[in-house]
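Consider the two complexes below, in which chain A is the common component and chain B and chain C are the respective partners.
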Partner chain A sequence: MTGLLLYARSRALPAALAALAGTAAFALWAAGRLDTYVDPDRRVPIVALAPLLAAAVIGTTLYTASDELDRTAVRPWWPRRLLQLAALTALAAALLPLAVLGHPEVFGPATVIRNVLGCTGLTAAAAVLLGARLSWLPVFGYVTAVYLGSSGARGRAATVWAWPMQPGAQPGAWAAALVAFSVGAALYAVRGARVEGPRG
Partner chain B sequence: MSSIRVTGLRVRHRKTLALDSVDLALGTGVHGLLGPNGAGKTSLIRVLATVAQPSGGRVEIVGQDSTDQRGRAEIRRRLGYLPQEFGYYPGFTVREFVAYVAWLKELPGARVPAAVERAVARVGLADRIDAKIKTLSGGMVRRVGIAQAIVNDPSVLLLDEPTAGLDPEQRVEFRELLRELGASATVVVSTHLVEDVAAACTEVTLLDRGRIAYRGTPEALTALGAASHGPGDHPIERGYTAALRAHRAPRGTEAAR
Partner chain C sequence: MTLVTEPTAAVRTRHPLRAESVRGFAPFAGAGILLTLGAMLAGSSARWQGGWAETAAELHTAVLITAPFAAAAGCWQGGRERRRHTEELWGTVVRTPLARFLASALPVVAWVVAGYLVAAAFAMLATWPFARGDRPHLALLPGDAVAVAAAALLGHVVGRVVPTRLAAPLLAMAGYVGLGMASTARSGSGIHLNPAFPVPSASLPVWWQPVAMALWTGGLAVAATLAYAARRRVKALVPLAVAVTAGALLAHTGNGLWHRDPLVHRQVCDTSTTPAVCVNARYAGMLPQVREALSGVTGKLKGVRNLPVRWADRGGAPRAHEAELPTLAPFGWSVVRGRLTSPTEFAWQAVASLQNRDCPFEKQEDPRVQRADDVVAAYLAPSPQQKYFDDLDAQGDASHRAELRERRAAKARFAAMTGDERRAWLSAYFAARGDCDPKGVPSL
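Moving on to the complex of A and B:
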């Protein structure tokens, strides 16, 4: 068995791939149940929550059980970490939009891709600050709060702070999501997830 | 020639000075690292393992500067390390976990299967090599930790509390393994068990409050104990106590070295 395969298993990547596929299938099923072809606005729960689930799945792969031994690796970790995060994000960004094809100017594939980037970035940053096991929590709280509280929000600032609920063509929302992803990915690549429990 | 050369080492954890002005040169053999809790043993081992950065001083291992990126890579290739708690992946078998560490050490792929089997056999777990680690007892898990530390036939082997959780028979076998490894490598063993040091080490370094309190052979430490009337059931335990007290006493009142 090659080292790379062991690495993939150590990060629970096979289970994460299955979970991402399951999330995409669930989003597809939900889109059918909500009759989103009638009105693109009915896609809002999917474009907000499916990327959130995918980011939580990606967050679980950032956990390292043998952190202390991993630190003695001959090669620097940042390329592997970055590659893992980018590959899983790309996969989620490729699978989830299948549930909301069409209507790119409102809540279509672009919105889902943007939200995958933003949610994954926040999750990666949370893994660095809180640890991988709780990495889903801050982004879950933020997206839920925006989902419940941003319906009446207007103005340029709202397009930034309420980015998960903005239509796909909104530049402010894209900027916020891209910054979140860039900062989260850079932080995770350089620092790795915070050590949890007894030092291992 | 010394495989480990430490000069003026200082390690700080937030406001606490864990190690201060430590000078150390260690060559081939088994070196026991003794000291009370909080003396700085684990801090020293972690710096030597290149997982913690010193606040000051110089650390050279196998002739490479540990602060230099290329030097650090070379050190890690030739280093074996058993932390106090090494952590493992529950789904991994013994073979897979040791192979994973071999991969971290960049052992050539063709050599990995044989190196893994040899390392596991040396710790007496050949019959459990395909068992999941989560099904093993605490002592066996500790032996898996030792196996991963020796899979690359390291020039420098750092073991932090390696005998914790081992039963007496396993400890005796482990001491034999230590003596065998110490014939060709520099082995540093951090432990609270002075009898392990007496039985398996060629040199002893005693740390106290971040400084070196005593350096010598186990025999010299035992002799120090024989000459003192301090507490302890064994001469080396009395020697340990006497050396610590001499270090803590105001200068000039007692000489332990």
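Moving on to the complex of A and C:
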């Protein structure tokens, strides 16, 4: 078994890839059920929740059961961590928009890509602060709270704090998502996920 | 011989639940619920802060996110022994499986409920200074709190049974999507079994609805717990029977579970003006602001006859001889935190309501009628957008410019009238309101 395969298995990547594919398939099925071709606004649940689920899946792969052993390695870990996070994010960003093709002026592929970046960034940051296995919790709370709380919110500030729910190419929403991804990815690449002891 | 007795140190034994409650994941879960709910309530504060019924409705809607969150937190806690590899060790203790289960489950249940109730208390406190009538609505809170507790308990069972890292986030997502889809359903007897069933702010539950909802959700959770952890699993049939009975009662009663808030049908009026100004009794404290916003209109209408008797706030269904007061609710538009956001806009809408005719469209489109409406609106409460539309007409084609000249000439003729002439003209104008014949509208 090659080192790459061992690494993939140690991060539960095969299961994560299957889960990402399942998420994309579910999003595609939901888009058909919701008749999103009739009214693009019906895509909101998919645009907000599919990236959230994908980010949770990616977050679980950031866990390593042999953290102390890993840290004794001669080679630096940050390129591997960054590559893993970037590759999984790119895969999610490539698969999920298939459910919401067209209508870029409202809730189209670009909004899904933006939300994948933002949610994954928050999840990676949570993995550094809380541990990888619980990294899905803060972003789940935030996105669901914004989902219910942002309807009717107006003003430039709302495009930033309610970035997962913004239609079209709102600069504030993109800036928030890109900052979240950059900070989260950088933190994770440098620090790795928080060590989870036996009491975790 | 002397007996020497050593003083025995008092051994303080603390209940295991205490350690489980103050350490570990349970307080974190409670803080998570509080923060999540706090973020949601802060984002939507414009639409609930200042209204007791709106606050209660928002807190009830929040079950959509608090229940899945609680289920996920319970699921995470349920998988703890597997993550720690302490399942076999727990198997050696003398306590029953149910006691061991409850020792780790109850702290999470208590903390998530505490988080929900603290957030609810903060929301009530935030509404209090801006409330303009009504009283706190607490009827749905007990049922919602039990639903959150039940979700945490059910999640714990799932966490014990499903051995995968993704169990908790998948359960959270499934709960959110499931409750969300159930909440969009508008028909079927099963919709009333949904603990996050959307309740309009003007509706109140019958007294036993929260009890039945608590028995329905709590009974299911206790049944699942007993089926998983009790020594005699057949005991699970008792809470299951209770839950099924309560659920059947909820489903069978259907829309009878809700009734209109009696306050909705009451009006609080200031009859010192003509027309009188009435607001819904739920927002009785808004009356001085509304009267002040309309004071310019009512001042100009002094001595004018044939007016509607009052502006009334009956949710879009004014009675005969009444004009509809511009809507105060839902909050977040014309009213935010107990204040009118734009008294000028409100007055313009109130005048538009006075001018409202129940006539065919082509009769209302008659130039004579439109010109008279325009003059009256400009006199009583000019639209904040009027200058914008005038500028558009000024830059438009010849017909638009001619129409603009006509409007301005009509306004000039109206402004040149004496006070008595103007009152007589307005009296004739409002007399023609009930008649759809454009010729009945006085000319300018």
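We take it that the second predicted complex is superposed on the first by the 198 of 200 C-alpha atoms of A that agree within 3 Å, B and C clash if a C-alpha of one lies under 4 Å from a C-alpha of the other, contacts with A are read in each partner's own complex, and residues count from 1 in each chain.
We take it that a contact is a pair of C-beta atoms (placed from the backbone, for glycine too) under 8 Å apart; a residue touches a chain by one contact, two chains touch by 3 or more.
Quick caveat: nothing in here was measured; it's all calculated off a predicted structure.
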Can A:7 be said to touch chain B (first), chain C (second), both, or neither? first
Touching A:68 in the superposition: chain B (first), chain C (second), both, neither? first
Counting only touches as set out at the top, which of chain B and chain C does A:19 meet: first, second, both, neither? second
Greater chain A contact set [chain C / chain B]: C
By the touch definition at the top of the document, which applies to A:57: first (chain B), second (chain C), both, or neither? second
Under the contact definition given at the top, report the residues of chain A touching chain B in one complex and chain C in the other. 198-200
Chain B to chain A touching residues, read off their complex: 49-51, 73, 76-77, 79, 81, 83-92, 96, 99-106, 109, 112, 148
Partner chain C, residues of chain A touching it in the complex: 12, 15, 19, 45, 49, 52-53, 56-57, 59-60, 63, 133-134, 136-138, 140-142, 144-153, 161-162, 198-200
Which of the residues in chain C end up touching chain A in this complex? 24, 32, 35-37, 39-44, 46-47, 61-62, 64-65, 68-69, 72-73, 76, 83-85, 165-166, 168-170, 172-173, 176-177, 180, 332
Help me check something: in the complex, which residues belonging to chain A touch chain B? 1-4, 6-7, 9-10, 64-75, 198-200
